[in-house]
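Which chain is which? They are A, B and C, in the order written, and residues in each are numbered from 1.
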Amino acid sequence: MKIGLFVPCYVDALFPQVGVASYNLLRYLGVDVEYPKGQTCCGQPMANGGFESQAAPLAQKMEELFQGFDYVVAPSVSCTAFIRHHYPSLLDHECKMAGKCMDIVEFLHDIVKPTAPLGSFPHRVSIHNSCHGVRELGLSSPSEEHIPQFNKIRDLLQLKEGIEIYEPERKDECCGFGGLFCVEESAVSTRMGLDKVRRHAATGAEFITGADCSCLMHQSAIARKNGIQIEFKHVAEILAAGL
Amino acid sequence: MSKHSKKAKAFLKDAGYSEWHDATFWAVREKRDNMSHGLPEWEQLREKASQIKLHTLSHLDQYLEQFASQAEKNGTIVHWAADAAEFNQIVFEILSSHGVKKIVKSKSMLTEECGMNPYLESKGIEVVETDLGERIIQLLGQAPSHIVMPAVHLTPDQVGELFEREGISDEIGNHDPTYLTYRARLSLRNEFLTAGAGMTGANFGIAATGDIVVCTNEGNADMSTSCPKLHIAALGLEKVIPDYDSLAVFQRLLCRSATGQPTTSYTSHFRKARPGAEPMHIILVDNGRSQWIGNQQHWKTLKCIRCGSCMNTCPVYRRSGGYSYSYFIPGPVGVNLGMLRDPRAHSGNVSACTLCKSCQCVCPVKIDLGEQIYQWRQQLPEWGTEPASKRMLCKGMSTVFNHPLLYKTATGVLPKKPFHSLKLDKDE
Amino acid sequence: MSRKEEILGRIRAVIRERYDKPSLDDLQATVFPDPLAAFIAASQTAGSKVVELATGADINETVRGLFPEAGVIASNLPEISIATLNPDTVGSAQELNGTDVGIIRGSFGVAENGCIWIPQAMKEKAVCFISENLVILLSKTEIVNNMHEAYRRVDLGDYGYGTFISGPSKTADIAQTLVMGAQAARSVTVVLV
């Protein structure tokens, strides 16, 4: 089984350590992972902003880049959700990416299924349930729906010894990032982010963790600006810590 | 900045008020959650409701005919209005032919959509809204800020002062909601007794029986139709559903979704006029709907049963308020309905969405509201309403992303070494 | 061409795909081990008072006991002898204004939400709403589980009007504060017989 690692543009540029953690974690778990060169962006920012046509050539490129892989794994729920749900309509031929691209949390949880402890992380963490992870990829049961409760991020984090896991009040309300939403609707976006960070901080957590760096990036900027002492780590970073 | 974002920014300036607004609607969302999580068949009900709506809308010609012919068999007079102007005219003609000078009416988003009240008032007819919230905003000359709780944006002091000015309450300074509600009751009671006609909207029209079904907590639709000799009911074409079995599904979902109660206090069926009263009039209003049904991308928005739950859950609505949207229905479904109505006028609302999709998960008829907003954003260039700055920004981004060399150069100047330039253990 | 034909024609012209009507047979609706107990609880949550008519007790004395101060009592029920107004014989609905207690009969109750089906059984249905206090007589054997069962029994009768009532008229339109007694009955008492 050959796995291609997709490190989306903003993770590549701003959170390279998340790419490294993802790569190391997959390798540690015995996954045959490769990072094909020449990756940029999946096209989501432009499409969500209303310019889907600009995403089409990028979709085509992604399709070619990951041709030879059984799965494409990305440390980003929103990019994965975009690829899964929108690529088929962007391409004028059959889309392979949509069926084989997975977020790293769902890939580990559903395919690799690790059960042995993954070292320790003796800290209090608050899970940030990103909207696209919850409502588009099904990483956890949406709070709105009456279905059995589950949370794949929590399941994985429980493999770390000594970890204390929390979720904020309003456990899957949006943090307000929303791609270009944070530019176009900056006032609402900032308020949403501040409300979110405060609720995470109220759990007493030292870290906010989640499966999408963009939500974490938005919140960390707001936390910094408002003097809220809390750190941010992608789930992959916590899982890979100390391995 | 979009039109919505400018108004939202102004709304958020008052931190205390906007926090209260957010908390108030979140509390309604939580009440709704208590209801849905208490009903094991909740998700099954939503799925059935969605399917019934898809079926009904795609057979609307047949169900409308059935509804109208049943209603006529029951002795009611059925009118068909092509648009708002025709609707208003029909109402006026019915009223003037009966010499009616004053009407009492229950809440109707349709009469709001058609601008009926100002029209009738310009013709010398007094219109009295009898839902308490609607009455309050009517007296203030405001539009509703929410479709189910139209006056929730006001504080008790604002309502109390209004009632003092209007002579509705006589204890100056008593702004207790219980007292104010009681004073409004007395004032409205007089209106019910003296009005010449009662008007209601409709939550549902039942094709199999010709019933108009109206759900209220206040009983004001029943009060409006119990004393006056004339009842006019107005409904949008999409309100018709097949039968009582279908109605049971919607009745169970509507109030639980809207206010978090298991039912409204009154679920009233009107089939014909009271003994001794004039025949009942039913007005079926198109006003765009027959075209929207043909809109391949957006016709499913017509499934909406107007519960307002998408507003309550929307993180943007809760933090920007109903008046930050340009269409009279705010929130996720309002963004969509506004675009169906007039995309040029209401493009400024499509920015009011993070695509979090919470709305689609609460929607009792499973409209893909967030996905629809995404689609509307793609369509803005059709009307030239896409924001120029956003277009430029996206063009810039896509140029960088489509040219790996440019991308390498751009990411090379950042404080951290980008991932793509790192050496991975396998490479060694 | 009439407006009706024009509108229906427009709809016919644009509908592309016709969706089937779903079957509701597989809907697993909530049923209760003790529907009467569930009905009583739901009624109380909706703000109703529920009393059981004691064996051998007189309904008139019971209602009188509940509303000792009541001056105007309106009812057309044959077993009600304390009525001072009859909604069948009043000259107009307006004459019922000022009713302290209205007494009506419900056909059946719904356990899941405390609704009681009231088909119009009097000339002036105003009595159901205009009365300050509403008393609904209901047979305790007539309880269904949910609205699906309820709608299989709904019958509007000759008057062509009926309503499900659950609790008193209420509103939360001023600052989300729940207030009983908006425009219609300020209290509802369900007397189980």
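Note that contacts are C-beta pairs under 8 Å (C-beta built on N, C-alpha and C of every residue); 3 or more make two chains touch, one makes a residue touch a chain.
It should be emphasised that the depicted structure is a prediction, and the values quoted were computed from it without experimental measurement.
A.B. asks: Please indicate which chain is farthest from chain C, where distance is taken between mean Cα coordinates of the chains.
C.D. replies: It is A whose centre lies farthest from that of chain C.
A.B. asks: Comparing B-C against A-B, which pair counts more contacting C-beta pairs?
C.D. replies: B-C
A.B. asks: Approximately how many whole Å separate the CA-defined centres of chain A and chain C?
C.D. replies: Roughly 52 Å separates the two chain centres.
A.B. asks: Where the CA atoms of chain A average out and where those of chain B average out, how many Å apart are those spots?
C.D. replies: 34
A.B. asks: So what's the Cα centroid distance for chain B and chain C, whole Å?
C.D. replies: 26
A.B. asks: Where in chain B do residues touch two or more of the other chains?
C.D. replies: Residues 39-40.
A.B. asks: Would you give the residues of chain C that are in contact with at least 2 other chains, written as numbers and ranges?
C.D. replies: none
A.B. asks: How about chain B: which of its residues touch chain A in the complex?
C.D. replies: My answer: residues 1-2, 4-5, 8-9, 12, 18, 22, 26, 33, 36-37, 39-40, 42-43, 313, 315-316, 319-320, 350-358, 360-362, 374, 377-378, 380, 386-387, 390-391, 393-395, 397-398, 400-402, 404, 407, 411, 414, 416-420, 422, 424-426.
A.B. asks: Which residues of chain A touch chain B once you look at their complex with the stated criterion?
C.D. replies: Against chain B, the touching part of chain A is residues 7, 9, 11-14, 16-17, 19-20, 23-24, 27, 33-35, 37-41, 43, 45-52, 54-55, 57-58, 61, 131-132, 135-136, 142-147, 170, 172-174, 176-181, 183-189, 191-192, 195.
A.B. asks: Can you tell me which positions in chain C touch chain B when the two form their complex?
C.D. replies: Listed in rising order, the residues are 2-4, 6-8, 10-22, 24, 27-30, 42, 45-46, 92-94, 97, 112-115, 123-126, 128-130, 146-148, 150-152, 154, 156, 159-177, 179, 181-185.
A.B. asks: Quick one: which bits of chain B touch chain C in the complex? Just the residue numbers, please.
C.D. replies: Per the touch definition, chain B meets chain C at residues 24, 27-28, 39-41, 44-45, 48, 51-52, 54-55, 58-61, 64-65, 68, 74, 80-82, 86, 130-133, 136, 149-152, 154-156, 159, 177-178, 180-182, 184-185, 188-189, 192-193, 209, 211, 217-220, 222-223, 226-227, 237, 242, 244-245, 247-249, 251-252, 259, 261-276, 284, 286, 290-291, 293-294, 296.
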